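Each remark here refers to the structure printed beneath this line.
Chain lettering (A, B, C, D and E) follows the sequence in which the chains are written, and residue indices restart at 1 in each chain.
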Amino acid sequence: MIKQQVSEDQATAPVKLWKVSVSPHIKSGESVEKIMWTVVACLMPPLILSVFIFGIQTLFITAVSVVSCVAVEAVSQKALGRRVTIKDGSAVLTGLLLAFVIPPGVSPLLPILAAVFAIYIGKHLLGGIGYNFFNPALLGRAFLLASFPVAMTSAWLLPVESFGIFSYLGTSIDAVSTATPLAVMKEQGMAAFTEAFGSGAGLYSSFFLGWRPGCIGETSGLLLLLGGAYLLYRKYITYHIPGSILGTIALLTWVFGGETYFGGDPLLALVTGGAILGAFFMATDYVTSPTTRISQVVYGICIGALTVLIRLKGGYPEGICYAILLMNPLSTVLDSWFKPKRFAPPQGGAE
Amino acid sequence: MKDIITIIIRLTVSCMLAATVIGVTFIFTSNAKKHNEHAKEQQVMLELLGYKGDVAVPDSISMHEIYRYIISGQDSQSIGYLVPTGHGENNGFFFVNIDLNGKLIGSKRVDISEENSRDAEIRDIAMAEAAGSGFVVDFADQTIVVTDSGSRIAYLLGGKFQGFKTFINVMLAVDPEFEMVGLEILEHEEDPGLGAEIEQDYFKNQFKGKPFEVLKTIDVVKKPIPAEYLDALNSRVSEEDILKLRSQYRDQDIYALTGATISSKAVSNGVKNIVKKFAYRVTILDNVLKEQQLAVSF
Amino acid sequence: MANDKSSMQLVVNGILSENPIFRLALSMCPAVGISTTVMNGVMLGIAVLFVQVFSSVTISIFKNLIHPRIRIPTYTLTIATWVTVIDLVLAALLPDAYAKMGIFVKLIVAFAIITMRLEMFACKESVKDSFWDGLGMGLGFMVGMVVIGFVRELLGSGAVLGYDVLGFKPLLFFILPCAGFFVVGLMMAFFNWIELYYKRSKG
Amino acid sequence: MMTFNKIHFLLFMALILCLAPILAHGADFITDQNFAGDNEIVVSFSAPLDKATAEVTGNYTVFEEPDPDIRLKLESATLADDGKSVSLLFAEPLNMIRTHIVSISGLPGQEKTTFKVSKSYLGYLFSILISALLINNFVFTKYLGLCVFFGTSKRKSTAKGMGVVFTLVMVAASLMSWFFYQFILVPYNLNFLQILVFIGLVSLTVQAVDTVLRKVNPILFNSFGVYLVLVIANCVIIAVPLILANNNYNVFETLMLSLGAGGGFLLALYLMSSVSERMELANIPPTFKGLPIAFIVAGQFAMAFLGFSGLQIF
Amino acid sequence: MPVCRRSTPIEVQNIESMLTFPKGGTHPPELKEQTAGLSIEVMPVPDELELILGQHIGAPCTPTVARKEEIAEGALIGEVKRGLGVPLHSPVAGKIKAIGTSAHPMRVTAPSLTIGVDHEAAPVQYMEQDWQSSDGSELLQKVNDAGIIGVGGAGFPTHVKLSPPAGSPVDILLLNGAECEPYITSDHRQMLEHAAEIVGGAGIILKILGIKECYIGIESNKPDAIKMMTAAAGKASSGDCSIKIETLQVKYPQGSEKQLIQAITGRKVPAMALPSSVGVVVQNVSTAKAIYDGVVYGKPLYEKVVTIAGKGISKPANLLLKVGTRIKDIVDYLGGLEPGLSKIIMGGPMMGFAVSSLDIPITKTTSAILFLSEDEIDTSPHSQCIRCGWCLEACPMGLEPKEIGIYVEANRAEDTEPFGVFDCFECGSCAYVCPAKRPLVQFVRLAKMKAKRP
């Protein structure tokens, strides 16, 4: 008969047989790789911008972080006898996000240690992708914050001026370090904040564009929002988690964040710190976030509330990273509380 | 029924045995414990004064404890001090009552031994007696005056204030001119690697040698410590250089710990307040003692 | 059961094959909580050793007098007595080390390992065997604590027994409280791995 | 079965809430007073004040309770727009762990009003609860009760049962221990018998709960009875009386501490059990199966709980 | 668990707007353009037919003929002796060559009859009969005699479906013209070319059921069919019966019985219950056509319109085939296979069965044979579940496929009942959207075997 293709394992069979598999036989064009690399692509603009804000060393730190995450992933998968899946981009994404949440003035050695911790202990020991309870990048950050508290809380840099992207190379970070807006606000009060960063529309716009001290990738609200919007457009994420996080942060900051009740500045709370990065790129991590809509909203509200709690009353100026970490293991609990609505129960059955 | 009786008897016997064992241990250890605690306190104090390690403490050094009480009456308050009269044979205390503006209200002799004065309960009772009826006494703090052959060489002050996490408990030594001699952090719960660095010599030693004038207005600066000063603070250079650098940075504010400004600030503010309050009080007390010509041990 | 075992075997048994921390996974709280230095491990180890040995011996001596229905309360009473004794002694003689161990010395009273040994061993065996078994268990606990303390002290503060050996502090992380979980977890895995390896090489 | 417990718990909480107003005492005219910032005290009044008298700094005397002879220097006194609250600004930062005594002269009706400003006691009580529950969670930051924690955190239902039983026993045992400590051990100088007495009380409580439950509610007993034995072997249960003896807590503080410790244990158990159920499905390396991976996950929880460190709600 | 149970009375939705089921569903590419424009073509009868005796759900037929027996077209060749089922008729005149076994798409082999075709015999002429005078039970008997089963998919004997249990009165008839599976256009062509017969069939069913209301649901991607059917329905509607066309949104699995009922009537069929429990009977449009043929002309069901599509076949077509035609003969007729062919699927790409051999004959329920090339199907290996939750989103039944998959992978299939494994009708929406390419339907089938029903 006509040109037949025979599946390999059945090549010896006397009758030529066609491939058989369970339905469905067609699949959507989406894949894990595509999702991961799209997210990576969405994070590229803020990374490029950070080179112009904090200098060229941010690129170096990011590269070290990404390479070490990929290397650790490959080595752990080899060592544990699993399929090496570094091409799916999840390790690249972890590395990128890890670099995004550390200060721009730290030593590049830090992300290497964090990568070992985040990828090996945080992910592969627990069964690999899909089985980790905590967002590996944030776990890496928490590890760094615990191990190198001084570097992680003080290696902040002022934005460079007039494209002097090499100006921080070779300088001692102690000499040029500054404080993040949230730290100034928390430790020295609103007056010192206004003195250091100005006020009014100019402040919001420069903060929104990213011209402020902060972690490598968190500063540019605009580019992160654009990236997030693209993910929303591609339907890789839904508005539930980011919307409820940002909404809760804004609302609670407005109510409790000021000198008196209802005197806080919700807009400032969103554009300073890592709220946008956290809401769009960290909290929406598939593995560690809940899956049903209601639980996503509850999850987002809890993250927002914890963020504001830590920002206003806690020991750290920025709380979103810990808020997400604290809520991560609860996502399974939330999913089991808010199960998807079944089509219809059996008649006369469970009421 | 018989079972229950046996059980009860056996349990009672075991309990009594246990209580005996524990009681005997307690009797044997309680004195040692008290002694050790006192010795430890003494050691901290002496270390603050500079008698560390091999440096022997000369016999001429002695310590005198002053206890301060708040005496509250119907609608007035005053400060009562318990001032030691001397060691050994003629030991005992003076009760000195001073009003809030520094005027003497009265003084009287209180006969409790030095040993007993360390026991808070006995002291409180003696104090209440001395203050008279209708007054409530509350222990406020205690200060130690250190003398060398009868002349004062230092005061040891304790204090507790808010840190970044919980409170910080310190003890510090100042000389009669209220210049800092030393600072020791006794208790704190600051973050390891950050606020906990207040325990480190390079932070504590910054206070050494600061004169009262500087201490009164001391603050922190958020700048890295200059390398040469850091070496001196860590005692990595010779004694002379340390003294030289100390005097060079004498008028300088405290360099804050990197990443722990709040803890650093808490310590410097706490130290400032303790020293200021003490300086104010000890001047008044000294004046009163002089006026009344009370023979105190220091 | 252990009549044919020599005293040496009993001790080794407690340290290796029935190590209370790594193999039996009992009394984990101090192993995580205060294992930041070798010294802490030694001190608490001594306390546990004392309580274990004395309790084992006490129970073994009085085993015929203990009414079966109040067995457990008697054990608790015995343990509490010896814990109080060591608590008072440490507080009096070694106040510095005692302060570092916090309430963990007093918490020895709730250690499952001690009650378990009394129930499983001391109430059946001779005084001598109980002594050796208690010694083995106590030493096993001490060894576990010292090993964990060694790793954490070396990696966390670059020192061993308080002496600076590395000259620098590799990773502050290891002296942080939460690192205790990771160190204990990784060491248990290491012990499991040795066991697997041993079994495999045996056949 | 669970509702039975829930109702009891709710009743209990309601009782506490009823007691709350008694604790929050206040002067008549002065409705509220507290620290606002590092160097600020805010006083609220029930009626508007006259701006002329309220803003004179000389009308105020403020000192720390142990230092009545040292007056704190007042920078300014500012009356709020509605005239009902005054914000006192000081030159130096205040030592907020001390109680401050504020006297105001020239207020209408009275010559001089004196009141204390300290961190709110109710807030303090609440902070003990929150601290034991989250900030110093007994499992994740104090490392107590680990044996039982790892033993009973495999299934959610077990975890819930254990946690609830544990909290109840804990509250009962702590209150009894407090009573014994305060009225027997301390007055008769028997403090060295602490451990013996506390462990005895715990065993007694467990035995009592066991007996009562067996008689009163056998169904409940069947579901929770197994955990009762485990409670004794848990170091948290003995740690709480020891802590309260160390810190000389009063009965409310004891209640809050035991509730917080029990609740924290329940929380930790529930969190761990929910991830344990997922862990069973995962492909974990054989050497890490079981306890080692549970420890590593608990360590990750402990790291996440670091986020609460330094939290000061009041 | 909070459960929203909406039963009678019906909330009739706005008829003008496009209807659909509210939860879940996906949008696989429609890919119907290949064959949508091709009218039904009658394929010449091959030399040999192979009739599988178990054409439908229920008991297989027992042959009523012997080997070497000569039979006429439409003659009864198999009967159900015991249990649920319909008779089988010979599609051609010829001679029984063998009574044996044949390859089967789902099971490996199945009992079958092989008929050698007599090409010389004259085709049977079926005469129009008067059916209006017959009453419901007579019509029902005719439906049974014609061997009609639900030709849309599962193949449930139609006469059983048309006699609902006494306890649940039926008030609505739905004709399913959704045809939501990609590629398939056989129902579409039927509706275009036989609109009047379908509407006539609907009339017969209404009469059998003794009700007056009929809705025909058609997805909006078949506007020409909607137009034709509306015209035909308008003609047929009278005071006695009303037949209305409902335009449905294009969404998979719109053609699933429960989803169709919910979309059109708003009623929800409870788990493990039949549509009649909410007063609805659903029939495929092609079944309606078969009923019309069977009742009006007395022609048994032995022909089937089948869509042949995919890049792996030289010439896609909509063929009118005799039941029992082997795929091999169809391939030969259409000019052979194309290089790059990877899978042959009987049925749609979402729920159909991949077949391993070209010897398999079509049955009454076959609606399409797809010859899919490598670039049309997905063969990438699956990875671990990343818990994205897309399957939860896609599942029209509100189940948790990800958890089922994870439990099955961890060898805990027996614990999957709480995730709703028995409510799954294997529409494949979850597996279609899964970015990790996990074979979720396979996991579900495994779970169904091992888990215990509640």
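Quick note on the criterion: contacts are C-beta pairs under 8 Å (C-beta built on N, C-alpha and C of every residue); 3 or more make two chains touch, one makes a residue touch a chain.
Worth saying up front: this structure is predicted, and the values here are computed from it rather than measured.
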Neighbouring chains common to subunit A and subunit D, by label: B, C, E
Selected pair, greater C-beta contact count between A-C and A-B: A-B
Middle chain, criterion being Cα centroid separation: A
Furthest chain, CA centroid comparison against subunit D: E
Chain whose average C-alpha position is farthest from subunit C's own: E
Distance between the centres, which are taken as Cα means, of subunit E and subunit D, whole angstrom: 66
Distance from subunit E to subunit B - Cα centre to Cα centre, in angstrom: 91
Approximate Å spacing (C-alpha centroids) for the pair subunit B, subunit C: 38
Euclidean distance of C-alpha centroids - subunit A vs subunit E, Å: 47
Residues of subunit C whose C-beta touches two or more other chains: 73, 77, 80-81, 84, 88, 172, 176, 178, 182
Residue numbers of subunit D (touch at least two other chains): 192-193, 196, 281-282, 285, 288, 293, 296, 303, 305-306, 309-310
Contacts with two or more other chains, residues of subunit A listed in rising order: 121, 127-128, 131, 143, 146-149, 315
Touching pairs - complete list by chain label: A-B, A-C, A-D, A-E, B-C, B-D, C-D, D-E
Contact set on subunit B toward subunit A in their complex: 164-165, 191-194, 224, 258-259, 261-262
Residues of subunit D that touch subunit E when the two form their complex: 280-282
Residues of subunit A defined as touching subunit E within the complex: 1-5, 15-28, 30-32, 34-35, 85, 88, 127-131, 286-287, 290-292, 339-347, 349-351
Subunit B - residues contacting subunit C, complex: 3, 6-7, 10-11, 14-15, 17-18, 21-22, 25-26, 29-30, 32-33, 36-37, 40, 192-193
Of subunit B, residues touching subunit D in the complex: 18-19, 22-23, 25-26, 30, 70, 77, 79, 98, 100-102, 138, 140-141, 160-162, 164-165, 167, 191, 269-270, 273, 277, 280-281
